[in-house]
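Heads up, the next two complexes both have chain A, just with different partners, chain B and then chain C.
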Partner chain A sequence: MSANAHVLAAEDGDGGLFTPGGPGFAPPTTDIFFPPPIVEFGPFAISKYTVLLALTVVVVLGFWFATTSKMKLVPSRWQSVAEMGYLFIRDQVARPTIGKQGDRYVPLLITLFFMILVMNLWGVVPLVGQLPVTANTAVPIVLALIVYVFWNVVGIRKQGGWRYFRDILFMPGVPWPFYIILTPIEVISTLIVRPVTHAVRLFANMFAGHLLLATFAAAGFYMFNPGAPDALLGAVSVVFSGFAFLGFFAFTLLEIVIMSLQAFVFVLLTAVYIGGAVEPAH
Partner chain B sequence: MNDRQGSDREPEPKVDAMAIVGTLLAGPLCWGGIGWLADWLTDRATPLFLPIGILLGLGGSIYLVWRRLPKH
Partner chain C sequence: MEILGNLNVIGYGLAAIGPGIGVGIVFGLGNQAIARQPELRGPLQLNIYLGMALVEALAILGFVLAFALPYTSS
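Entry: the complex of A and B
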C-alpha cells in the first residue's frame, strides 16, 4: 500500500494521499519509543516513562488502599472487585502451579500482575499515556531480574544450595557420562535463556503492538485527504482513511487483550519458576 | 473461583512451553559454540567440530526435553 501511495504522490506540494508531490507516507519509527526527557540532571533524566511508572505506582497503591483499607464482611462493589482480582491470582495462578505452598507467594504475584497490567495499559490510554511503560527494555529486564533472583533464593532456602543446584545441573536418572553434554545445556537454558525470554516476551509484545497501533493511526491521518486536486480521489482517500482507522480501533481492542494476557503470562511463568524451585524436580 | 478449589488439588506438572524452545536453542548454541572454538583454536580451514558440536548439542537438547516431559 505504501508503494502505491508513493507512486500516486508524485511531485510538489505537501498534501497527503493523491496530492501530487506529497512527501509520501512516513511510517512511525522506533523514535516513538524514545520520548524527549522532561527534566535532565547530570546523567539522569525524567522522561515520560518515569512519569508513567510513578503514576502506575499511585494507581495500583491507590486501588488496593481504597478497596482494602476498610474491609467489610459484606463487600462493597469495589472491595469485591479487589477480592476477585486476589482470588483470580490465587486460584488460577498460585495454587495450580505452586501447590499448597502457593499462598505464600500470592502477594508478589498480585503486585507483579497489577503493576504490569497498568504499565501495559498506558499504551491505550489517550493523551496521558499512549506509551506502554513495558515497551522500555529496562522495565521488563528489571522485573525479570527481580523474579530471577527471587526464585533462585526460594530454591536455595527451600532445598538447600547443594541440592537445588544439583537438581538443576544434573537431571536425576541419567547415566553419568551424559552429564558432560547435558550440564552445559542445562546451565544455559535454565540460568540464562529462561530470564532472558521472560523479559523479552513482555517487552517484544508491547513494543510490536504499540508500533502496529502507531502505524495504523499514522496511515489513517496520512490517507485522510478530502482536499486532493481530484475531488473523486479525495473522496476515495476518505474511504481509505476510514479503513485504516477501523483497523486502528480493531487492533486497539486486540492490544488491550494482549496487554492483559501478557501481564497474566508473566505472572504465570513467575509462578511456574517459583513452583519449580519450591518442589524438587521429579 | 470458590475457596476450596485448588486448595486440596495436587499441582499438575506444568510444562513451561518456552523452556522447551529455550532448551532446544541452548544445546546447539552451547556445543556449536564449543565446536566453533575448537575449530578456531586448531586453525582449520573447513569447520569440523562446529557441525559435530551442533549435532551433539541438538541431541542433548532433544534428550533433555524428552526426559522432562511429564509421563502419563
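Entry: the complex of A and C
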C-alpha cells in the first residue's frame, strides 16, 4: 500500500508537484498486486501472498485453540469473544438461511468467515501485510470452488441426484412452455454464474479497495513537496498532500468496513446456497 | 479531438449505472421496511445484504473486465 506507493513515487526521481519540468503523477498500477517472489524453486515460488496465507492459518488456528481448548461454563474474556463470533454466525447466518439443519454447517461457515476476514484485513495491517491475500484471484476462486462442490454434494446427498438436478433444470410449479426459456437461464445462473460471481465478488472488492488506497497514498507522496522552487507553492503542496492523507485514512476506515462486510457476504451466500441444496424447492 | 486512455474504463462506468441504482433501491426500501416493522430488523438486514451482494455482481464483473480485457483506445 503506502510502501509500494512510496517506492513508485521515488522511482520518478526528484521533484513532485509544482516542480517545473518535474515528473508527472504516476498512479499505482496493477503491478502492486504482483510482489516479487521471496523464495524461488523451480516453477514454484513463495511470495508475500503465501507467507500471509500461512500467517492467516496460524492466527485463526491460534485464536480458536487459545479460546476454546479449555472451555469453562463461566467464560473467560477471550472465550466470550469466541462465543460471540460463534453465536453471530449461528444465529445471524446459519439458522435464518438454512433452517433447523443449519447447526451442522456452522463449523464450515465459521472457518470460512474468520479465514476470509483475516485474509482481507492484511490489507490494512501496516508493515507486515499491506496486501489483502484475497486480492490474489487464486484464493477466492479456490474458496468458491470448495463451496460450490460442497453445496452440490450436500444437495445430491440430501435430495438424491435425480431429484436435485431435476429441480435445478425444471423449476417446479411453472407451466411447461416456460421451460424453453427458463431452463437455460436456470442452468447458467445456478451452475455457472453463481460460483463465478461468488469468487469474483470477494476478489474484485479487495482488488478495487486496495487500488483505491494505493492511489491515495501515492497521491499524498507525490504532492508532498516542501522543497518546491517557490516557498509558497511548497507550503500549498504540503496542505494538498495533507488532504490526500486525510482521504487515505478515511478510506482505510471504509475499507475495514468493506472487508468485514465482504467476509460476511461470502459466508451468507455460502449459507444460502447450502440452504437451497438442503431443502427441496417448493 | 483525441481521446487517450482505456475504453474499458468507460465500459466499467456504464456497467456501474445499473447496480448503482439497484443498490440504492435495495438499501432504501430495506430501511423503509425496517422503519415500518422494526421487530423484523434481523431477517430484513440479512435480506438487504443478500440483495446488495446479488445486485453488485454486474458492477464487479465490469470492474474486473476493465482490467482483464485487452487494452484498446479510440
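In this text, the second predicted complex is superposed on the first by the 269 of 282 C-alpha atoms of A that agree within 3 Å, B and C clash if a C-alpha of one lies under 4 Å from a C-alpha of the other, contacts with A are read in each partner's own complex, and residues count from 1 in each chain.
Here is the rule we go by: a contact is a pair of C-beta atoms (placed from the backbone, for glycine too) under 8 Å apart; a residue touches a chain by one contact, two chains touch by 3 or more.
These numbers come from a predicted model, not from an experiment.
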Next on the checklist: In the overlaid three-chain picture, which partner chain does A:275 touch, first (chain B) or second (chain C), both, or neither?
Outcome noted: first
Checklist entry - Between chain B (first) and chain C (second), which does A:108 come into contact with in this model arrangement: first, second, both, or neither? => result neither
Checklist entry - Thinking of the overlay built on chain A, is A:217 touched by chain B (first), by chain C (second), by both, or by neither? => result neither
Item to check | Partner chain in contact with A:205 - chain B first, chain C second, else both or neither | outcome: second
Checklist entry - In this superposed model, does chain C or chain B come into contact with more residues of chain A? => result B
Checklist entry - Now for A:30: first (chain B), second (chain C), both, or neither, which partner does it touch? => result second
Next on the checklist: Quick check on the superposed pair: does A:51 touch chain B, chain C, both, or neither? Answer first, second, both or neither.
Outcome noted: neither
Next on the checklist: On the A-aligned overlay, A:264 touches which partner chain: chain B = first, chain C = second, or both, or neither?
Outcome noted: second
Checklist entry - Where does A:197 make contact in the superposed view: on chain B (first), on chain C (second), on both, or on neither? => result both
Item to check | Touched partner set for A:96, first chain B, second chain C, both or neither | outcome: both
Checklist entry - Where on chain A do the contacts from chain B and from chain C line up? => result 92, 96-97, 193, 197, 201, 269, 272
Checklist entry - chain A touches which residues of chain C in the complex? => result 42-43, 46, 49-50, 52-53, 56-57, 60-61, 63-64, 67
Item to check | Touching residues on chain A, where the partner in the complex is chain C | outcome: 30, 92-93, 96-97, 193, 197, 200-201, 203-205, 207-208, 261, 264-265, 268-269, 272
Checklist entry - Which of the residues in chain B come into contact with chain A in the complex? => result 1, 5-7, 9-14, 16, 18-19, 21-23, 25-27, 29-31, 34, 56-57, 59-61, 63-64, 67-68
Checklist entry - Can you list the residues on chain A that touch chain B in the complex? => result 84, 87-88, 90-92, 95-100, 102, 171, 173-174, 178, 181-182, 184-186, 188-189, 192-194, 197, 201, 269, 272-273, 275, 279, 282
